[in-house]
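Order of writing sets the chain letters: A, B and C. Residues in each chain are counted from 1.
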């Protein structure tokens, strides 16, 4: 990359302050940036780091106008993080020069599969019978796309992804390596006499809507009957478990190692923090935020912020944690109270009565 | 599927009430079912949903006989969920027409491997030296079966499974994609002088008994010496960790994201809820139930039901959670008590004494 | 294996007591060992098991000299576990006879990749453009090594590992099956107007230093910009999540199912127990120990031992857990206190005043 501040300001629709002709060749975080890098201040709490940064130019929110002590070369933008992302986009395109679409010779593509134009399919990938792959999609090496599954347009499937039968992916979806979509849900019927767990066939589907990104080593199970669904624009981090018949809404953020049990419904714009666990058959309302490690055992109201296992409203949970810290003090007081009581035991009263 | 109520009643050994000649073409949950679907009421708490269901026929437990307000077409059975599973089984067989057994040309099968008749082995799969595969087993594409491992009869190994050396699988086992069986246990000996962690060779085995099902992206490590063992009939959900030398009993249910640390022994018919963690070198008694997110640091009695981290008996844990909710009230009372005390401090008593 | 006690003593620099000519053919844990096995006592708390063991020879710490009731054939060593590991090493070499280095015909190796001598590369593995593989390294079947990545000398990459572009592995690293190194970090910029999460390109690297071992189904994400780093000698168990821009120090032990969120810095010789979760942008000091399931939301002091979610110093957390057990007693006392108060309500005082 070789870009002037003037060009960055244009790219990000920003307002430039400083040396418009200065050339930037890289991008970095505040702490790592050098004179030829652009960096950004996304959160005012990192103001001290911004002041200490050696970045040749800073992308700043408009609210930071006139901020003292940081680089003289500044570009004020609506959203500094997003402006930075736009610069990264340029660097990425240079780093990873796109290769022309091509289907490797060493794939196994069933003759009843339907391939659109402009596909890239890597070596040792298997496309099963009646699978349909949309235009412009890139499927990495060593992937498996099962019977009757349909991948939309301009998707990106990284190496070693398994997509089983009857799975639907929308357009512009990204699936990272090691992820398994459409494995059987965990459904067994226990024979009360023998204790044996008999398999309930899992014959439902998985539907992933447009613009969903799914991290690495994620497991999304097919429905028993009906559908397991991930709404458009939802982003799922690594090592997440989505059980059979779960419905996740639109634009959710599901952080790493979250587990959602069967048939639970998650609303739109929900944020599930790392390692959150949600039991089956409950509803998480739109806009709810469950902070990391929260354990949910019942319905969650829209827009609520929850913490803890079992989950409580965040403020309440924090207050209870503070009170738990006071338990030694509380217990001492209780002992002291009981000590006070002892000189006047019930028996004494009886005597005096 | 095209099946009459009379035929479903015969299939499920049920007692039919209603229109025996009515034809059913699908199966669905209570909420999604339409007039041509069969559905089921597995749990009386979904009675309202059953009443609202548009299903053309309901499978009901015998205990629900005479239930009002639900479909007039009813089949009373011993176990409604299992009856429903039997219908799903028919649909599944139609959906996924079995392909005749065949070994793909693009596998790598060592000439010292021993293959039984009637095998299916998918493309790009590797079967290493001295591996043995039992009759009727289906191994998907892109799998790895290591040196000296033995897979039983009629197993189903989905794509992209790694089974390392010296692993034994019984008959009728199912292993879902992304799962790794027999990777090295996490064993290191720390040099006290340098702090370096030196690898302890992990030369033990893994033995998986008959009828075990293992979800996707599961990790089951080989023993240091001896064996890591999963008992017959046990079912393991996705993203579960089974460490070296763990012994799991028969007919357990291990829900998603559970972690069991090294050398722990889990009894028979144990249920470990989602995200449960169990430390190493402890015993979980037969029939114990650990609810979701429970953290176990010591032995668990047979048939006990535990919750929380650290684990406590479920009733006790629930009671403590209720008391934690009362902490604000408790703390107010303690402050009030101390306020009361202040007018009569110890010193005053001393004076009056 | 066929080795005399004299030879084991020499191998482990131990002091032999007993029958020097006795032959040992295997190794086992205390409970499983038979007359022809060597076993070891690593921890004095297993003294009773050592006494009951049928092992033909015991490796014992020097501190156990003169211990009564255990096998008469003893070898006293500096570190009994490590001595045992040295015996296992011999057995392992016999079990898994090394095959001469060879590159399978059915790999896809880009002509711009740089391969050193003495490599083993398994079938169906893909080595992408400009990847560099160091001498003596073994890469299993069905692996993917991405553009411009560099694998050091004498590494061992097990089957079905994905290493994306611009990843660096040092020498003698071990990576187990199903692991994904270098997938995109979980970085999105949310459009405040639409709620859409827009992808922030993840163009950073991953650097894994020498002697790191990484378990199965682990996810280590690439940095947004800069580097995600794992320090030399650190050992990572299965199903662990390392987010973008995390820096882990040297000689850490990261147990199964741990999750470390973005940009967090973990010091040297840190131990993270199973299922520990650490939020982003915090520092874990050198030598800190976080016990299993701990949830960390802020910086952790060096050498501290923490437990619980939220994390508290271990002693304090244990004390608070004991006090939580006393909540029924505390609540009863509080009720009794309030009961006592009632006969003398404020109003009564007012009257008497």
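Simple rule for what comes next: a residue touches a chain if its C-beta (ideal position, glycine included) is under 8 Å from a C-beta of that chain, and two chains touch if they have at least 3 such contacts.
Source: prediction; values computed, not measured.
Novice: Looking at subunit B with subunit C, do both copies bring the same residues to the contact (over half shared) or different ones?
Specialist: different
Novice: Superimpose the Cα trace of subunit A on the Cα trace of subunit B, which carries the same sequence, then give the rotation angle to the nearest 5°.
Specialist: That rotation is 120 degrees, given to the nearest 5.
Novice: How far is the middle of subunit B from the middle of subunit C, if each middle is the mean of its Cα atoms, in Å?
Specialist: 24
Novice: Would you mind listing the residues of subunit C that make contact with two or more other chains?
Specialist: Where subunit C meets two or more other chains at a single residue, that happens at 106, 124, 142, 160, 178, 217, 239, 257, 275, 309, 324, 330, 334, 337.
Novice: Mind pulling up the subunit A residues that touch subunit B in the complex?
Specialist: 106, 108, 124, 126, 142, 144, 147, 160, 162, 164-166, 178-180, 183-184, 186, 188-189, 191-192, 195-201, 203, 217-219, 221, 224-226, 239, 241, 243, 245, 257, 259, 261, 275, 277, 279, 295, 297, 309-310, 312, 319-320, 323-324, 326, 329-330, 333-334, 336-337, 340
Novice: Mind pulling up the subunit C residues that touch subunit B in the complex?
Specialist: 27-29, 32, 79, 81-82, 84-85, 88-89, 91-92, 95-96, 104, 106, 122-124, 140-142, 158-160, 174, 176-178, 211, 213, 215-217, 233, 235, 237-239, 250-251, 253, 255-257, 268-269, 274-275, 292-293, 308-309, 321, 324-325, 327-328, 330-331, 334, 337-338, 341
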